[in-house]
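What follows is chain A paired twice: with chain B in the first complex and chain C in the second.
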Partner chain A sequence: MTLFFQQFVNSIALGSVYALVALGLTLVYGVLKVPNFAHGALYMAGAYVAYLMLTTVGAPYPVAIAVSIVVIAAMGGGMEFIVFRRLEGKSSVHAMIAALGVLFFLEGAANVIWGPDFRPVPTPLDGVVTAFGINITEQRILVIVAAIVTMVGLYMLLKRTLVGMSIEALAQDREGALLVGIDARRTALLTFAISGVLAAIAGSLIAPLVLVFPTMGAVVILKAFVIVILGGMGSVPGAILGGYLLALAETMAGTYVAFAFSELIAFALLVLVLVFRPTGLFQKGV
Partner chain B sequence: MGSEGMKRAATIGVPLLAAILFPLVVDNPYLVSVAVTAYVTAIAVYGLDVMLGYTGQLSLAHAGFFGIGGYTVGILTSEHGFSFWTALPIAVALTSLLGHLIGLAALRTRHDYFAIFTLAVGVMIVIVIERWESLTGGTDGLIGIPPPTSIGPLSFTSLNAQYYLVLAFLVLTIYVVWSLMHSLVGRTFLAVRNSEDLARAVGIDAGRTHQLSFVISAALAALGGALYAPFLGSIGPDVGDVPMTFNMLVYLMIGGVASLPGPLVGTVLIMGLTQALTVVQQYEMMVLGPILIVVVIFFPQGIAGQGKVLFARLAGWGRRR
Partner chain C sequence: MMSLGWRRLILVRNTALVAALALLGAGCGGGEGGAGEDGIEVVPIGFVGPLSGGAAYYGQNVLRGLQMAVDEIAESGGFMVNGRPHRFEIVTADDRYLPYETSTAARRLLQQEQPSVILVPHAGGIRALQEMNLREPQFLLIAYTSEPSVLEAENPMTVMFPPRFDGYQEPFTRLLMERFGSRLAMLGTTTAYGRAWTESVTAEWTRQGGTVGGDHGVDYNTTTDFTGAVTRALADDPDVLFIGGPSQPTGLVIRAAREQGFRGGLLIMDQAKFMEMLQIVSMEALEGALGVYPQEFYPTEGTPGWVARYYERFGDDAPSATSEIAINYQGLHLIAKAMELAGSTSDPVAIRASFSEAARSVPDELRIFDMTGVTETGHLERAVFAAHVLNGEFVPIQIPVAGATEIR
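Right after this comes the complex of A and B.
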């Protein structure tokens, strides 16, 4: 039973990261109606900026996270401003291919700058807290708490501010939103920047728990896609719930069935959902 | 022969003659082997174009099918003593069947969901190749794949002979795609791409059309892979991996989607450049990414489409004088 609770706590930490990445993806999808394949590269870049700040610059961890947030938010916004804005009104295939181009560029750039090696990231939070026979590292506690704070913050932003409400309005009914005078371009820019913030938080929080490498975003983005499809494209609660559920399923399968099995779970779920309920679990059928 | 016929003969004859003379004139084994690699890749890129250019769906599992074709020939010829000429049709048929089965699930979706689904399929294919070590050799891959067996007096052990073999298959591929696009089936592809609802309204079975296009696309990818493995003599999971699909997509977009010369032009040009300029190989992804974006935004018809525009403009300019 201790093993179960131990793994349960670990899966919450993993799920927090999944949920943050999936949230950024789902927000952008809501506004743009295009899956942003480059989103995983933002997460990867977020981890590298934190790594750079912690090692080369020697900044304290909070500063490293803050710098990562600012840089990646700018990258996200820049992506919209330079690339996706110009593809407005064209077929979704074009925007998807452009997103792949951005992914290509960012992964290639990371490869040129840091090389393909896996790099460990030091963390000041290397202690372990023990409670009820369960060990949890301080870094994992930080991941869980920071993710919850971020999600509450995002919720407040979406529900209480004009910017957030414009994002939701645009996602729900584009023409209606334009009709009441919402600036679609500005909102799209902000949505991309916010997705960058979420990716940066996820990337810089997970960096000390895993190794950073140029293609680290590729695995996570696929899982984020599974989560977003599971939860319904564009659905915020779906992304959060889906993130924790997938992490739980993976961790438990890895613990009780076989480790190799855990990485196939996401794909098995994807196939099942797309075959039986292509609109996601939390959306009404079309 | 009218001037139209002359023009057509020239547009086919001149490049074909150039391709036939290439290994004799160049006489550089490295460049010839780059050309062989470009041709087998181009065959697969034609497959990608059938799905993306003519049917309008982005399949990101394409390199996976290329890999399956290559591995099937590799396993059959190196470990089970099959002749290349039996292994090749088996590889294409097996991959087509697999493509059909995957298509049954994947084609319940369209556009963005289809791209995501096939991306996941592409990743799964690589995971299976890497994990099924007893069959595929895992991450080390397969080595010792024999070159194509000779037919009568025709032997394919020399580089030039392999070059002409691959060239023949490339010409065959282009011919198949050309006749497909000039057939009723090809027109239904275009109809479904342009408007699925409209196509359904005139009685086209859109589901079957997508399914057929996906299977043809997978078969061409498999053909490319099946020719590549015996040429290289070895095969590893990399050739079936998702970055390979991205590369093929770059070649297709730069060359020009939905145009007959597009896949060949893009593949030969970009592969030739990256292979010739070995210095830039490290920066390949970093450079190709922005090029892909620029092409999508400013030249969505690629070189082939842009060439046509330029040619029409020149012709118009000439007539006005």
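Right after this comes the complex of A and C.
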């Protein structure tokens, strides 16, 4: 039973990161109506910025996260302004291919700048907490808490601010939103910037737990894509629940079947959901 | 940063060589190479391996070792073949670590550059080229892998440089079982090479009377968080954990295991290198680990001098001097010696025939390993060491030469 609870705790930490990445993806989907694969590159870049701040600059961890948020939010906004704005009105295939292009471009750029090496990121929180026979590292506690704070913050932003409400309005009914005078371009720009913030938080939180390398985003973005489909395209609660659910499914399948299968789980779930419930497990309700 | 410069350098050199060959026309065909600006004849050495994709870092390490030897040879005025000085030029083709791309890439390289020697750093690609290296144009295949099946193919035109991986399991098992106990949990990477290791460790551990838990291996290259897999493996209550894949992810696995309170031994596959794992974990976390000996401190006479030259050339911030770099560096000097003894840079059969003598006659100042010869099946023989981390120190363990046959 200890094994079960230990794995449960492990999956909550992993699920927090999955959920944060999936949230950025689902928000942009609401506005763009295509999965923005380049979001994986934002996550990777967020981890690199945190890495640079912690090692080369020697900044404290909170500063590293803050800088990462600012830089990646700007990158996200820039992505909309430079690439996706110009594809407005074209078929969504264009935007999808552009998103893949941006992902590969940024991965290539990271490869040129930092090389393909795995980079370890020092963590100021390297202690381990043990309770009831269950271990969790301090960094993982931070990941879980910070993810929840971020999700609450995002919820408040969407429900309580004008910006958030325009994002929701655009996602729900584009024409209606335009009719009531919402500035679609400004909102799209802001949505990309917010998705950048989420990617930066996820990237800089997980950086000390994993290794930073150019293709780290490609692995996670595929999972996030599965989560977004699982939770319903464009659904915010769906992305959060989906994130935790996928991490739980992977870890438990690994524990009670075999870890070699855990990579399969995500994509098996994807196929099952698409076949039996194509709208996602949680009906769209931004 | 280093890697960018490197790639560019190699690219520029490739382009320059192609241009030189084109200018010289058909006269320099047949693999004999053309004369460089310095009047020294240039001999192309082929490299087909990963230069992009997930394994690019590995490919660049291999190239770094080769390039170091290429530069040293050029700076010392070249090696003499039939009384004329020669130097090497590395010509590369990217196969992204995919065996089915290795043959295509090698064919292109053979057509464009006519190398008589091609080095491939992964078993799948090597086996693919063993299907074609005896047909025209023949070439000598240098295998940078520790996979014994490459030798079992009995390809007369293959030379394998690294030690076979099946030499490690017996002493590793014996030592760790004695020190920690007889329960083993499996957590190796799930690549083809990782699986081969997993199988052979399982067989050896069982043969020596131990018990082996289920296989909880994960792909070290694509796993984001190892905690879950480590928790599962530790639930088997092991005395020793079998782990290994690329060095840095292996470091993460060790960290996760120690964080979860595991105090037992670590049986580490030869792909992971201690000095790179130490970027992630402390020496304390490695206590009770058994793996390949750190190249920088390899217990041979030539090592300190080579390490000093390595850091002098690449700077103190260069990637640590791993065996990937050392073995390929040593290998290139060996090829130069073999060509010298064969009296030819273009006849792969003659070059292969001189390898055993070359292994014994590489000059002392260029020797990192105590090489004694090359076996009938094409394996470079030398003393091999593993390291056992005991009270915070690397203790050398000599590995018996597995499957040794008489030296030709």
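Before moving on, here are some points about what is shown:
Just so it is clear, the second predicted complex is superposed on the first by the 283 of 286 C-alpha atoms of A that agree within 3 Å, B and C clash if a C-alpha of one lies under 4 Å from a C-alpha of the other, contacts with A are read in each partner's own complex, and residues count from 1 in each chain.
The rule we apply is simple: a residue touches a chain if its C-beta (ideal position, glycine included) is under 8 Å from a C-beta of that chain, and two chains touch if they have at least 3 such contacts.
Computed from a prediction, not measured in an experiment: that's the story for all the values here.
Superposition of the two structures on chain A shows chain C clashing with chain B.
In the superposition on chain A, A:Gly254 makes contact with chain C only, while chain B stays out of contact range. In the superposed pair of complexes, A:Lys90 makes contact with chain B only, with no contact to chain C. In the overlay built on the shared chain, the residue A:Glu263 is in contact with chain B and with chain C. Residue contacts after overlaying the shared chain place A:Val17 against chain C, while chain B stays out of touching range. Shared-chain residue A:Leu157: touches no atom of chain B or chain C. In the superposition on chain A, A:Phe105 makes contact with chain B only, not with chain C. In the superposed model, A:Leu274 makes contact with chain B only, not with chain C. Shared-chain residue A:Pro120: touches chain C; no touch with chain B.
With the contact threshold set out at the top, residues 111-112, 260, 263 of chain A are in contact with chain B in one structure and with chain C in the other. Touching chain A in their complex are the following residues of chain B: 52, 56-58, 105-106, 108-109, 111-113, 115-117, 119-120, 123-124, 127, 131, 242, 246, 249-250, 253, 282-293, 296-297, 300. Here chain A touches chain C in the complex through residues 3, 6-7, 10-11, 13-14, 17, 111-113, 115-118, 120, 128, 130, 135, 137, 140, 206, 209-211, 215-216, 219-220, 223, 250-251, 254-255, 258-260, 262-263, going by the rule given at the top. Residues of chain A that touch chain B in their complex: 33-35, 37, 83, 86-87, 90-94, 96-98, 100-109, 111-112, 218, 222, 225-226, 229, 233, 260, 263-264, 266-267, 270-271, 274-275, 278. Against chain A, in their complex, chain C makes its touches with residues 1-4, 52, 54, 56-57, 60, 190, 214-219, 222-225, 227-229, 231-232, 235, 246, 248-249, 251-252, 259-261, 279-280, 319.
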